[in-house]
Amino acid sequence: MFRLWSGIPGGDRGGAWFLTLLAATAIAVPVLNLLVPSSSAWHLSGYGIALIGKYLSYGMLALSVDLIWGYCGILSLGHAAFFSLGGYAMGMYLMRQIGPRGVYGNPILPDFMVFLNWKSLPWFWYGFNHFLYALAMVALVPALLALVFGWFAFRSRVTGVYFSIITQALTYALMLAFFRNNMGFGGNNGFTDFKDILGFDLHSDGTHVVLLVVTAAALAASYLACRAVVGSRAGRVIRAIRDAESRTRFLGYPVESFKLWLFVFSGMIAGIAGALYVPQIGIINPSEFAPINSIEAVIWVAVGGRGTLYGAIAGAVLVNYAKTYLTGAFPEVWLYALGALFVLVTVFLPRGIIGLMPLARKDNRQTDGDECSDDQAAVHARTDGA
Amino acid sequence: MNVRNKRLYLEDLTVSFDGFKALNNLTLYVEPGELLCVIGPNGAGKTTMMDVITGKTRPDSGTAWFGDDYNLLEMSEAEIVAAGIGRKFQKPAVFEQLTVFENLELAWTGSRSFLKTLRARITAAQQERIDEVLDMTGLSGQRGSLAGILSHGQKQWLEIGMLLMQNPELLLVDEPVAGMTPHEIEHTVELLLSLEGEHSIVVVEHDMSFVRSIARRVTVLHEGQVIAEGNMDKVQNDSRVIEVYLGV
Amino acid sequence: MKRNTPLMAAWLPVAGVVFAQLAAAQGTIKVGVLHSLSGTMAISETTLKDTILMMIDAQNKKGGLLGKKLEAVVVDPASNWPLFAEKAAQLLEKDKVAVVFGCWTSVSRKSVLPVFEKDDGLLFYPVQYEGEESSKNVIYTGAAPNQQAIPAVDYLMKEVGVKRWVLEGTDYVYPRTTNKILEAYLHQKGVKAEDISINYTPFGYSDWQTRVAAIKKFGSAGKKTAVVSTINGDANVPFYKELGNQKISAEDIPVVAFSVGEEELSGLDTKPLLGHLAAWNYFESINTPANKAFIDQWHTFIKNPKRTTNDPMEAHYIGFNLWVKAVQKTNSTDVEKVLAALPGLETPNLTGGVAKVLPNHHITKPVYIGEVKADGQFNVVWKSAGGVPGEAWSRYLPGSKDIVADWVTLKCGNYNTITKKCSGQNYK
Amino acid sequence: MKRLPWYAQWWWVLLLVLWGAPPVHAQSPQDASFLSALGELREATYSDKASIVQRLSQSGHPSVRAVLTAFLEDRLYFRNSDQKVYIVKSAEGDNLHLIDPLSLKDAGSAPADSLTQIGTNNALRRELRVTVARFALSSPEAATRLAAARELLRSLDDASVALLRERLGVETNSSVKKEIRTGLALAALDSQDAKARLEAIAILKQSVSQDVRNRLAPLLDKSPSGTFVESDEKVRRAAASAVETIDYWRSFYSGIQTLFFGLSLGSVLVLIAIGLAITFGVMGVINMAHGELMMLGAYTTYAVQVAMPGHIGISILAAIPAAFIVAGLTGVLMERTIIRFLYGRPLETLLATFGVSLILQQAVRSIFSALNRSVVTPDWMSGSLRLNDALEVTYNRLYVVIFTLMVFSLILVVLKRTRIGLEIRAVAQNRAMAKAMGIRTEWVDAMTFGLGSGVAGMAGVALSQLTNVGPNLGQSYIIDSFMVVVFGGVGNLWGSLIGGMSMGIVNELLEPYAGAVLAKIFILVALILFIQARPRGMFPQAGRAAEDK
């Protein structure tokens, strides 16, 4: 445990604060929704839960982007692909759960297959009626894609802008593919009209509260995992790669495999985030693959502050709340505000809003700060004694 | 090849960049534990030689062996490092975003694989070694500062320090004192001399006074070839050297 | 603590979600408008938003409803399907609207459907669609396939003598289903498989050279050929341009479209389209007093005498009036009551007929077929005798021919007459 | 078309031979029946209208041709007040210029809303076209005669055949003659005399028209009774070889057509990529607003057209520099206010420019509304260039190809031959050195970005002729343009040209087999794999973008 916390030089108070707030949310939401009577103004409606759930899953996506962009300098414009694949894997499970309750009452085939006259379930749908199998796929499919794609890309030393562009091509190609009705993923409509998950009714607030708490837990866990990574020596190697790739190579580090591992790990997190997103939102369709989504995810990170994990998450929450609010309050002009936000942040706040914070400036040292913090000294002291 | 237990064998190396021969049948040996200075005018092929040794550049012909059992021409950069050849670049290349301590830590010999480094922790031995090197390079005071804010000289030392962390049998040091104050140069000299014996060291340098102050043996390169070898005085009196290099 | 406020601030949104609900105005009846104002669908949907605003405006001038003023709650789902579900929940749970008018694409409807059934809302859906659906909480004021596609094909077969068919569509559920129905229908009418060519292209497809050349080839086999187009909005302009340039005139190979109306035509140079057909339940060019009044009202409201009207606008006009009637009849805006009152309710449409709500939550609509004129209007060349009742479930699809929807007696949106079962319902 | 009794047909010819003889005096009984027939048109159903047209065309009245032509062109109206039928000069405008259908003399003018158009539908227009074509066959202009002959060929009946035979003697123009011969040959296929049929086939063999093929093919079929439709075995063989030849040539020409499709798609890709090749390739700015700059160009085209109504033809040309300026200035503005803060941080420019793209999109929505804008295609750009019966090349595509090549060579000249071009390249290669040599790098940056953006604007003009002019125009092209640049090799214009063209051709070659979507996916995947093999694109080149972040 100590290692986990001391992992990052600076032991990061920001992270501590973030975890506390996350816990607070995970407690407050059930209370406000289940205990507070719906008559009260303080009651949190299912709509509110879904919103917060969405923010948190997006936060997780932002985390995965920040891990490779903020710490390893690899800008992936294809993370929406991992997110969506995770989402689709979960969606397939939820579709199979509908069973005979579909409008055509077909016990095996989802409705969209029935009215396209499909006779039998395509092979890649097998097994998705088992939750655990689906769960495995949620992580494995994105991981596999990241592995194959990354292996090719990094091995042939595709870097920087080129990498960004081909990741964009990747997610774009996947979007086109999933739009095809012949693919067996419901085409443009994707999956919707889910009934229940593990037997719990997806139309009850209770289920959504649980989903939200699970999401919060997953977010916390992946946050700690990411921090453990960037805090480890591997994390320092990764930052070294970001700053001087060839020099790191001359120190004898297999740069490519470091990048690959990180990319796969990050892809997995994105996939899990997608899987948590789908049941709370109630629909998954190909437009989730749209390159624009990947770009937005990157922007959340930039707004929050790349290179600080909790900053990325905060960015995701903030930007999406801004979207929710503006699309409601100023439907006609919200794009101006959003666009301006992106411009201003990138030009004037290269370190994001977190960069404004005293505590962040302290934590940031592990990436671009100025002086070793007491904690690290502590670590050394300890190991000295050992 | 017959065993003559030298540290480094470079034989008949030829490297040409579109026509221009950077190395031209260069042959050069380094004894175990010796401190060899390589001098020569710009374009003599000093850096190219370093590149060949560290696997950055592949020669058109010739052989390069490290000890009697490593054929450098068949090894990747990483493998060469692992085999025990460390290099200090002409321009100091340290990780400016990492602290001095972390720079040294990353240079530590040990498993380079992702999973290992993921679990790796600073052992007492490493701690000692790092402190030791910090002392040698006189950077103990800056152990916690980002390498980016060090002075030019300090960066040079840090980089030498990183070499020492790798504890290589062969150090390649490229212009260590470029842009150093006399006082810093003095310190660097001590540093290098203190390393002599346990490591073989190849120093490439322009600064004559510096070379004289450290060199036991000097090799003069010109147009990719060795034109003179021996101690400083011998070399300085060599007519060809005078003509091509010192130009007096 | 103090120095950490910025990070706290980053968490405000979550709090914001909670506080946001404290706002809830009283004294007015809220009407939700759920149409994309940005993104790809804004092209079509902004007009519908304005239509509803116009209707509300007019209703308020007449003194509102049940003595209260109507208040529009407009949100922008930005052509983003998950956002549709989210905004629907906002309208129903946060703003507590009495009714929602919205959605265009099938996927957006599918996306909000569970929300409306969970929160027991009421949605008026104004666009022609593929059918195969009937929800307790939705009134479908647009055309079902039997109110648009089938009559159009009949017209081409009987009046124009078409023997060979190209079913050209954008690859999504509406064209897929419509073409399945038409294919079955054509086979039933004795058209051979080799005389039917079905093809799908992606959204916003713009390079039609190859496809149009293929259609030309298919059409040059000596039999009269027609194209039944279910191509989605954006891809139409380049499609017709290419048709025109490759000299395929409506006289040789007529194209009948189900999603090209006055609105779309106003966005393109109609020269190449001359004589091509569209099947709708309303045309701006239809000359009735009601229609004239509506067009004038629209022009004054939108402050632009050139703006066109179109079929989905009429659907909203009908839907809004039906809702007002139902509210006045039940003297309440309670969704349960209104929904109970709607079936059987009638209101005049803009083309001199009557729109009647059927037990399957669809309405009766007349069918018109028009040829594009140079001025971007349609010249009606065929009209159905009276209103055609909308069928939720196509009788031509194997999957759905045994399914019926009846919210009056059966109280079920898809009741299987063979198994005598009612499945696929979410509401409790 | 309904067959007429044989005497009617000959009467037809007679009538046309005596053509041009002016009526002895007005208001003859002929006029009366003519007028009444016209009158009936007002109320008649479309099928009735058809038979009325029949009657009119046989009435032999001198102004039949004018009236039917007007009817075909929707220029036949009746006045609401007195129900009198008139021809109008043109249906444009609020005040229509009337012409008397009998005397074809000027009959003053009347406000549009006091008149009602006599509508036509497809079937009727089809019939009118054939009828009018019969008259047109004797028109003074060869082009009109040619068109008329082709028109008649498409639906031959004995009347037309008789007419053609008549014309063959008098026809002087060779190509018209050829068409007529083909027509007569087609007719001759029905003749009883096998020899005549053989000769006909010999003539038809030279044609590559699908209609001819469709007419020959049945000769090879067996009738239900099992005997061949064409009894004579020699004729059958001749027909078979003729069909073969025609098919061969048709497939040959369709191959050429596919190639052209590829080139035209390719040149669109190149066009949308050139601007980016400059901003991204030379300056290393990942300009996500590139698509929106093209959108601005398209909207400028629209604005110019609105500004100069009645000059559609020129307006397109006028729009090109206008679009260049509008988009260019926007680009300079972007560079001065945002991008210059981000040099050396290419990935950040991606984010900032993405923000800009959102703003620009919403801006046009606010100004022009979310609806698509209709950009009229000038006549000289619509239709297609007919090379023969099997091969036509659409004008708009043709012009886009030419336009692309012009723009491309223009950019090359600017970059390679001008002072500013020299400075641009200098700054791209070594900013510090360029500065040292006294080049105002700041200014050069602005100019470079302005140039790239301006070119994007010009691309927008072309796109306005191919697709929707709406707020989403940009988004649909941005990815493709990046693909082209990266594929060709960042910082290398020639790379973009060859890259774009080859992507276009491959796409069109695949599409017939794989379908649009799979073809596209295939291209993308191939591109991804290609980048693995050549991480710097086809023609790598040093430039600010080439250095990695």
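Per-chain residue numbering starts at 1, and chain names A, B, C and D are given in the order in which the chains are listed.
As a working rule, contacts are C-beta pairs under 8 Å (C-beta built on N, C-alpha and C of every residue); 3 or more make two chains touch, one makes a residue touch a chain.
Predicted, not measured: the structure shown is a model, and the values here were computed from it.
Asks: Tell me the fewest steps from chain A to chain B, where a step is a jump to a chain it touches.
Replies: Minimum number of steps from chain A to chain B: 1.
Asks: Check C-D against A-C and say which one is joined by more contacting C-beta pairs.
Replies: A-C
Asks: Using mean C-alpha positions as chain centres, tell me how far chain B is from chain D in Å, no decimals.
Replies: 69
Asks: Can you compute the centre-to-centre distance for chain C and chain D, using the mean CA position of each chain? Integer Å is fine.
Replies: 31
Asks: Centre to centre, by mean C-alpha position, how many angstrom separate chain B and chain C?
Replies: Roughly 75 Å, centre to centre.
Asks: Measuring centre to centre with CA averages, how many angstrom lie between chain A and chain C?
Replies: 35
Asks: So which bits of chain C are touching at least two other chains?
Replies: 37-38, 171, 200, 202
Asks: Mind pulling the chain D residues that touch 2 or more other chains?
Replies: In chain D, 361-362, 517, 520 touch at least two other chains.
Asks: Considering chain A alone, which of its residues make contact with at least two other chains?
Replies: Only 176, 179-180, 332, 335 qualify.
Asks: Which pairs of chains touch each other in this structure?
Replies: Final set of chain pairs in contact is A-B, A-C, A-D, C-D.
Asks: Where on chain D does chain C make contact in their complex?
Replies: So the residues of chain D in touch with chain C come to 46, 74, 91, 119, 121-123, 125-126, 129, 210-211, 214, 254, 257-258, 261, 264-265, 268, 361-362, 365, 369-377, 382-384, 392, 394-397, 465-472, 476, 507-508, 511-512, 515-517, 520.
Asks: Touching chain C in the complex: which residues of chain A?
Replies: Touch list, chain A to chain C: 13-14, 17-18, 21, 25, 32, 41-48, 50-52, 54-55, 100-105, 111-112, 114-117, 176, 179-181, 187-190, 192-195, 202-203, 281-283, 285, 287-288, 304, 310, 314-315, 317-318, 320-321, 324-325, 327-328, 331-332, 334-335, 353-354, 356-360.
Asks: Please give the residue numbers of chain D that touch chain A in the complex, ascending.
Replies: On the chain D side, the touching residues are 284, 286, 288, 338, 341-342, 345-348, 350-352, 354-359, 361-363, 366, 475, 479, 482-483, 486, 490, 517-518, 520-521, 524-525, 527-529, 531-533, 535-536, 545, 548-549.
Asks: Which positions of chain B touch chain A when the two form their complex?
Replies: Result: residues 54, 77-78, 81-82, 87, 89, 93-99, 101-102, 105-107, 112-115, 117-124, 127, 143-146, 149, 162, 166 of chain B touch chain A.
Asks: Spell out the part of chain A that touches chain B in their complex, as residue ranges.
Replies: 3, 9, 229, 232-234, 236-237, 239-240, 242-244, 247-254, 257-258, 261, 365, 367-372, 376-377, 379-380, 383-384, 386
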